[in-house]
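Chain naming follows the written order as A, B and C, and within any one chain the residues start at number 1.
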Amino acid sequence: MTKKFHRDVWVGVALLAFCAVVFFLALQISGQSAVVPITLTVLMAVCSLFIILKGLRLTKAQEGEFHYALTVKDSKNAFLFMGFIIIYYLLFRYVTYWIATPVFMIFAMKHLKVKSWKVNILITVLYMIICYVAFVIILQLPIYKVGVLGRWFRYV
Amino acid sequence: MKKMFALVSACALALSLTACSGGGSAQAPNNNNAGKGDSFPNETITLVCPFSAGGGTDIGARNMATALSADLGVNVVVENQTGSGGWVAWTDLITGDYDDGYTIGLINHNFVFGELDPENPRDYNLDDVQVLCNQVVDYDVLAIRANETRFTDIDSFIEYAKSNPILISAQATGITDGESTKAEWFNKTFGTQITVIPVDGASDSRGMFLAGDTDILFGSISDVNTAYQNGEMKLLCQFAEERSEFIPEVPTVEEATGEKLVAFAARGYFYPNGVPADKVEFMTNALLKSMERSDYIENMAALGLELDNTSGEAYAELLNSQMETRLSIWG
Amino acid sequence: MLEYLSAAIASFASIEVLLALTVGVVGGMVIGIIPGLGPSVGIALLLPISFSMSPTAALVMMTAMYTTGVYGGSITAVLCHTPGTAASAATTMDGYELTKKGRGMEAISVVTVASVVGGIIGAVCLILFAPALGKISLMFSCLEYFLVACFGLLVVSGLTGDNQAKGFFSALLGLLIGCVGMDSINGVSRFTFGQLWLEDGLDSTPILIGLFSISQVLVLVDKLLRGSSSTIVDDPAAGLKGKRWEKGNGKKLAPTMMRSSVIGAFVGFIPAAGCSIAAWISYSIAKQTSKNPEEFGKGSIVGIAASEASNNAACGGALIPLFTLGIPGSPVTAILYGALLMHGLQPGSGLFTGGKAVTTYAIFLGFLFANVLMGIIGLTMAKQMARICLVPNSVLVPIIVALACIGTYALSNNMMEVVIMLAFGLIGYLMKIFEFEPAPLVLGVVLADILESNFRRTLIMAAPKGGLIPYFFSRPVAIIIVLVILGFALAPFIVKAVQKKKA
């Protein structure tokens, strides 16, 4: 059975691949403008190599399983919540901030185990009122342009 | 409890801000013009400024918003949509759904040259918009520092520049930029050796000029007039048809050298193509009428800007007028 | 000047000016606290409101908002790991560590005191030396901007964390991200993929919010759902442990605050540099001169004081070239420039003599008073503010997300900024997993454009003067900066060598 590598080896390899893609893109830039991006990409590739080397050294030094402070596998909750944020963004983008936000906030607070509905709704409503007064009435942010229902929430 | 306190204080702040804005710029006047109900402007009109807040275009638009709002009896607001030298806003206005006439765009002569941009040719030109009317013309001048000893007038400058390298700054190096065009014109007409340093904005140009990093400054009258009146800069010539009333003692380039070049910045208003003709006419007239208000004229004069009310076809021609010159200069 | 000052004080008898000052200070703090909304957005949004006010009141309100906006951004940086702008990023690391230990109140007090000291020193420079310093700022040009940015880059080496290769990788990535957009020298598009909104490049603020706030939010969520902690403070039962002000703090921090304020005011008045570079430079100088540099990044109040004194002093410094020469060096001062024009105050020598001088000095005094008022409010509210970190994360997290979204949208009224912020939120979390430091990346983005475009401008300017090297030697300020950089870079080695000899 082959010994498992320290994850930094794989991280370094992934970054090296990223550098290769960027390098290819940087080559397409014409003239003087390409100098800095190409130099930076090469330096980044060198750094990736060092990351791999360090990873190999850690692999050698380590006996048995690796222990990481934080791993992708353990972060399911975080990625799930990131998914919620993205859904919230889509609602914001295509419906309107003023509907997306209360939906998101009530749902997120429930998800994050705020037990009392009363507290949940109260905070959401207060946030919405303050936000609307500050951004729309005082600062006249043209946020009504975002989303199909945005214009219903325009203050004129 | 403390949270409540924080919320209450935030509300208080909000209220105090609102109070402070009382009598602010384009406050909604009571919509009590009798019978206005369904006549054209009966809701908020938006002026979309493609440049950042605090810039010359933005301040001009805000003065216009105040005047227009007082005239039409509806709220007029200015919204800044910046990016890509104006093209983010212009693209949005042209491609978006703004046919109801409640959104007016600001346009300047850069719009016209967009399609000539060698690196990023733009897809739109004057055929894609209906221009309403102009607001400001700002003629360009050639300035030197007050303590300059190498040259003192346009002739000695040209003589000097034929045998010595001259540095200027501009926001781009090609046909799209007015300063670079003037440099190219000098190089071609008089055989001078002017090199352009690209900078990010007019204020950078000014700083480099004052610091002595660049030798001369191509600027607009509104940019340099205060420094000129304070004796910090001297003006060698103005690139106008005839002398501006702000600086009547400065010769035009034609008077000084015999060669003619007219260069200016113009900015005004436009509608997207989809807006019906009657609204275009209505709004053009409304804008022209607002420009006659005395408070508006006073505010604009404080900025040192020359007002202009060319409208319709004539305005489109004005925007296009430098096109031929530039094309011939750049070959 | 004295007669102008005494006449200027009289203008503070007007209720309008006092109200404007208060609104500016409080509004600036609130705007700074909202992630994404920094002083530049705040002042831009105030511009229409100030339209009908008197010049003194309008400009006092806006300059007050400038300094308090920077301060407000640091409050949330300390309490929720949510810096308002890049200027507060340096404070985040140490401040948040203190907060986690329950010493949030002390951290806020240090932030406040240092900000006030820095702000006052900046304001005093502005009042006393503005015309003279304005002349000095003309000695800085592209080459000097480039060298100052190099100094900033050097700072990165102190922020790389345990794995240096990873630290440098994120700094380089930051610089590369800074290259995105239209090349400011020749207009060539780089990595824009034909997208109009990428042409102006990526702004550092949404990247910062993503990397710092959103990724931290995800960490909080993860902890919460696993039941390991429900508030920012590690041990909520113990409440706020720290005192408002430890005895001896004043003595401990005074030298750092003074030094950082002077550095801040100086870096601030170099037109291209600005608050964030000032903060980072002061932070790393404080770290280098400290007897216990290992404390930095783990909750050092000296580190907080260094970056905070510096970024507020830089505000005062940045106003100098604006008022004396009409050269705005940052987005904030560019808007202030417009505001000055709008109120008929054309920057230049005309502002310092004759009729307009009273207004000018009234604005400067207003700026000074704003710093004092900010301190009074900050210190009285320190305890209330520190309680934010006792609010359950389940409530705090949705509010931070919602505010970050509307805040980044308000940056330029563009949804794409929100997309960038969220993308960097995810990247920031992945960086946390794989142990990459986010700070070098942000610094890279801030520095990239200053470095590249100014170097290329220098090349154009040096060409008629016989090339880069003769040009360099003709510029005394550039030589001084290079010597300072060399001193900074080599000092640790020299100290080591001397110690070895002694031993």
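The rule is short, and it goes like this: contacts are C-beta pairs under 8 Å (C-beta built on N, C-alpha and C of every residue); 3 or more make two chains touch, one makes a residue touch a chain.
Everything numeric here is computed off the predicted structure, so don't read it as measured data.
Trainee: Please identify the chain lying most centrally, where each chain is represented by the average of its Cα atoms.
Mentor: C
Trainee: Have a look at A-C versus A-B and report the one with more C-beta pairs in contact.
Mentor: A-C
Trainee: Using mean CA coordinates as chain centres, what's the gap between subunit B and subunit C in Å?
Mentor: Once rounded, the distance between the two centres reads 31 Å.
Trainee: Averaging only over C-alpha atoms, locate the centres of subunit A and subunit B and give their separation in whole Å.
Mentor: Centre-to-centre distance between subunit A and subunit B: 39 Å.
Trainee: Rounded to the nearest whole Å, what is the centre-to-centre distance of subunit A and subunit C, using the mean of the C-alpha atoms as each centre?
Mentor: Whole-Å distance between the two chain centres: 23.
Trainee: I need the residues of subunit C touching at least two other chains; which ones are they?
Mentor: 30, 45, 48-49, 185-186, 188, 413
Trainee: Could you pull out the residues of subunit A that touch at least 2 other chains?
Mentor: Expected reply: 134, 138, 140, 142.
Trainee: At least two partner chains per residue is the criterion; list those residues in subunit B.
Mentor: 10, 17, 21, 77, 79
Trainee: Give the list of subunit A residues in touch with subunit C in this complex.
Mentor: Interface residues on subunit A, with respect to subunit C: 7-8, 11, 15, 22, 25-26, 29-33, 36-37, 40-41, 43-44, 47-48, 50-51, 54, 68-72, 74-75, 77-79, 81-82, 85-86, 88-89, 92-93, 97, 101, 104-105, 108-109, 112-114, 119, 123, 127, 131, 134-135, 138-143, 145-146.
Trainee: Name, in rising order, each residue of subunit A that touches subunit B in their complex.
Mentor: 126, 130, 133-134, 137-138, 140, 142, 154, 156
Trainee: For subunit C, which residues count as touching subunit B in their complex?
Mentor: Checking each residue of subunit C against subunit B gives 19-20, 22-23, 26-27, 30, 44-45, 47-49, 51-53, 138-142, 182, 184-189, 196-197, 199-200, 271, 321, 325-328, 331, 334-339, 341-342, 344, 346, 348-350, 384, 387, 391, 412-414, 453, 457, 460-461, 463-464.
Trainee: Please output the residues of subunit B touching subunit A within their complex, sorted ascending.
Mentor: 7, 10-11, 14, 17-18, 21, 28, 43-44, 46, 75, 77, 79
Trainee: Over in the complex, which subunit C residues touch subunit A? Could you list them?
Mentor: 30, 45, 48-49, 163-166, 168-169, 172-173, 175-176, 179, 183, 185-186, 188, 190-191, 214, 217-219, 221-222, 224-226, 392-395, 397-399, 401-403, 405-406, 409-410, 413, 415, 418-419, 422, 425-426, 429-430, 432-435, 452, 456
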